[in-house]
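Should a chain be cited, it is by its letter among A, B and C, assigned in written order, with residues numbered from 1 in that chain.
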Amino acid sequence: MTDVLLKISGINKRFGGLHALSDVGLTIKQGEIYGLIGPNGAGKTTLFNVLTGLYQPDEGEFTFNGKDLFRKKPNVVVEAGIARTFQNIRLFANMSALENVMVGQHVRSVTGVFGAILRTPKARAEEAAITAKAEALLAYVGIADRAQELARNLSYGDQRRLEIARALATNPTLLALDEPAAGMNPKETDDLKKLMEKIRADGVTILLIEHDVKLMMGLCDRIAVLDYGKKIAEGVPEEVKSNPRVIEAYLGVAPE
Amino acid sequence: MHETMKKNPLLLAIFATFVMVLPWVLGGFFENGNSWLRAVDFALLYILLALGLNIVVGYAGLLDLGYIAFYAVGAYLYALLNSPHLAEVLPAWLSHPPFLVMMVLAAIVAGVFGVLLGSPTLKLRGDYLAIVTLGFGEIIRIFMNNLDRPVNITNGPQGINHIDAVQIAGYDFGRPIEFLGLTFEKIHLYYYLILAFCALIIFVSMRLQNSRIGRAWVAIREDEIAANAMGINTRNVKLLAFAMGASFGGVSGALFASFQGFVSPESFVLMESVMVLCMVVLGGMGNIPGVILGAIIVSITPELLRDIINPLQMAIAGKRVVDPENLRMLVFGLAMIIIMLVRPEGLWPSKRRRAELHPKTKEIALQEKDSLQDAERNHD
Amino acid sequence: MDIFLQQLINGLVVGSIYALIALGYTMVYGIMQLINFAHGEIVMIGAMVTITCINLLLGMGVQMPGPVLLLVGLLMAIPVSMFLGFAIEKVAYQPLRKAPRLAPLITAIGVSIVLQQVAMLIWGRNYRPFPSILPTEVHIIGGAAITDLQIAIIVLALLLMGGLFYLIEKTKLGRAMRATSQNPEVAKLMGVNVNHIISMTFIIGSALGAVAGVMVAANYDQAHAYMGFMIGLKAFTAAVLGGIGNIGGAVLGGILLGIIESLGSGYLGDLTGGVLGSHYKDIFAFVVLIIVLVFRPSGLMGERVAERA
């Protein structure tokens, strides 16, 4: 449980004059739920985008599972085993829920043009496996009954679940979730928490952004706090909660 | 169409029979049946082209405004290898290659052009891609127009004449063939030949549509960033669509050259690219029957108008008031505008497209506008 | 004669025309991300109407100096083009603002075809000569020739561009236009009448296009119903070259493209030992376009589009 899975250090990302991430470093261990919190605009999503290859960091180091992923493209990152969801849900809106999850398996399957046209036995077997796994994943996140519905017609909570299923379809070692509970009611949030615990129990490490502090404190093994692009604290929830810099960042005033 | 037909084999059989006997129906019922059949042959070529472009535009969502360039590449390739024009300099083994070899060659050469054009440009956002492909189309045409000097390769604006028809299994498609008591003229033979290729591309399209590759295309069309973040190598997958479309364009071009017997740059103007794109969009992007319908309407309507406008003018005004050519293009332009205004999803859209435009429930939190802007991000 | 200087002058003249037309493309694109395919036809109509007016006046025996005649013709053509631009947007684009992006592109192509055909019906399928009313005196500067007309084209183009800059940077309308192109939703919330702004954009762009059309016709001594296509395409290229959506970029791109084209076609024969000649002139625009887009997709003056995910 103590193997380091992901390690970044000295990560910098600038947008013009805005220094969105400065010298951010952190390590995530195999099997943990690692939380990332911080005020709005702190750079959490930006860090996610760097970790998943959508943004190219200006400087830094990034290794995952022994591989160098610094400035690698998103598809390479996914192949290495990092999958993500988006804060502002980005499903394939006009594909069915099932198809969305099937697309997630693209990187773990091989059928090419000729296989598809000729429907070779191998291609057919793979297609069947993809469909079966997609159905299983929908059941896993609890929306099996919505398989044929277009993603855009799903409820908000179901869309979030579908995004998780789609990410899981890539067979990730690390699952990065950007505010998965945003806009959910307490019941849904609770279900989501159980889902995340189940995912972790099944051997997937989780990196989680959430504003819901109570949820984070109860769920995460360790938490890092970002503020204005800098990591200002890291540790087990209790430590972080009582860290004066964190309190300052959240309340805007220094504690006594 | 195909969904209904799958459920109803009888309908399929009727449709197939109709398609098979159409040339004889035309010949039997109309005085100028042969010229109609010729028009139908060209319509089939357009169907072929439109279905090829549909892979690029309809499936992968890449706006290609220079598609006709690949058609031109295939046509000129065929022309050069199968006419007396280069006969003296061409090595014997390259001259008049066997039919299948020729088709594969056309597909490969056009596909290579597609890759050459696509690999640097496919990362561009949609409109830029449109304009680059348009420019590429013009470049190809300008070269065809001018590559008659210093070495005469394309014979310039005059084009290349005396192109031989294809030969399949020893039969020369340029000459009538007697079979089952029927005389198959060149227009009949080509009808069935092009029809076979249409069937092929329909088959390929349908197979691809419901495959790992086809899903990746749709995913990219829906949200390129998300597709990339789900592990799809968007560049390669887009390039694949682009190259496949180009290959089909090349094959259609080769068939066109062999059917028409001559090629000249005039056949490959931008307007042709636009026409093919219109077929795809008017018919219903991404939906095979829709695209076929679009191709038929766009290619046959001008022919119909030609036959209607003149008699009508004579009847009403007693003389030719306006040039029918103008009028039919005018009607065509108006039709394009009106159809798009009334049915932006096309006449016969795929279910997905229809859903895009007429969502059943109010859309929840899916920020399409954002994803459009995001698609403009370019990854180097 | 100094060939280099001569080609430079020719390039500058053509380039200013490209720039004027490119402004129309870039303004529309900046505000609604639409390639207004029909803009080239507006340019053409501007030229045609002017020629017709001048011929009418001449036919009526009106005695006026050439430049005044031209001005009158132009003043007739500008409103026609403005109205057309306005009408096209209302009829063919506005209903499709929420439709998939290809739909307005198709209607744009449709409008373009319709205008071409209407022009053919009205003005015939032959080239219309530009009435010879302008002085043909040639000035020699440093070994290169330049006509009054060419000077007038450059000066007028610069004036119009200056006026447009002023309008966009300094007036209330300009501010609203900039706001709309930044973010139409927000602009709407701030009380900007987005429909009105879009209409104005089309109207202004079309007016510039009409002037450019007359310049083209005067410069080449002729006009044709199909002339809008190639010139429009090149102007669009110029807009992309400069960075589409960017007003200064359109000017820079236009002038640059004119010069590249002119110098390029002038020297292409020499450079390639006669293999490629000046008949490849039209290729330059596209080769430049592809090179720019590959190496600097945002264009010369466009901001690098910030990556967002």
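Assume a contact is a pair of C-beta atoms (placed from the backbone, for glycine too) under 8 Å apart; a residue touches a chain by one contact, two chains touch by 3 or more.
Remember, predicted model here, so these are calculated numbers, not experimental data.
Taking every chain's C-alpha mean, which one sits closest to the mean of all protein C-alpha atoms?
So the chain nearest the centre of the shown protein is B.
Please identify which chain has its centre, taken as the mean of its CA atoms, farthest from the centre of subunit B.
Of all the other chains, the one whose centre lies farthest from subunit B is A.
List the centre-to-centre spacing of subunit A and subunit C in whole Å, with centres computed as mean CA coordinates.
Spacing between the chain centres: roughly 48 Å.
How many Å are there between the centre of subunit B and the centre of subunit C, using C-alpha atoms for each centre?
So the centroids are 31 Å from each other.
What's the distance between the Cα centroids of subunit A and subunit B, rounded to whole Å?
It comes to 42 Å between the two C-alpha centres.
When you check subunit C against every other chain, which residues touch at least two of them?
306-307, 309
Quick check on subunit B: which residues sit in contact with 2+ other chains?
Counting only residues that touch two or more other chains, subunit B contributes 225, 229, 353, 356, 370, 379.
By residue number and range, which residues of subunit A touch two or more other chains?
54, 56, 86
What does subunit A use to touch subunit B in their complex?
Touching subunit B: residues 52-54, 56, 73-75, 78-79, 83-84, 86, 88-95, 99, 102-104, 106-109, 111-113, 115-117, 119, 123, 126-127, 130, 150-156, 159, 166-167, 169-170, 183 of subunit A.
Name, in rising order, each residue of subunit B that touches subunit C in their complex.
On the subunit B side, the touching residues are 57, 63, 120-121, 123-128, 130-132, 134-136, 138-139, 142-143, 145-146, 149-150, 225, 229, 270, 274, 277-278, 281-282, 285, 322-323, 326-327, 329-330, 332-337, 340-341, 344-345, 353, 356-357, 370, 372-374, 376-379.
Would you mind writing out the residues of subunit C in touch with subunit B in their complex?
29, 33, 35, 91-92, 95-96, 99-107, 109-114, 116-118, 120-121, 125, 229, 233, 236-237, 240, 244, 274-277, 279-280, 282-283, 285-287, 289-290, 293-294, 297, 305-309
Spell out the residues on subunit B that touch subunit A in their complex, using ranges where they run on.
203-204, 207-208, 211-216, 218-219, 222-223, 225-234, 240, 244, 352-353, 355-356, 359-361, 363-368, 370-371, 379
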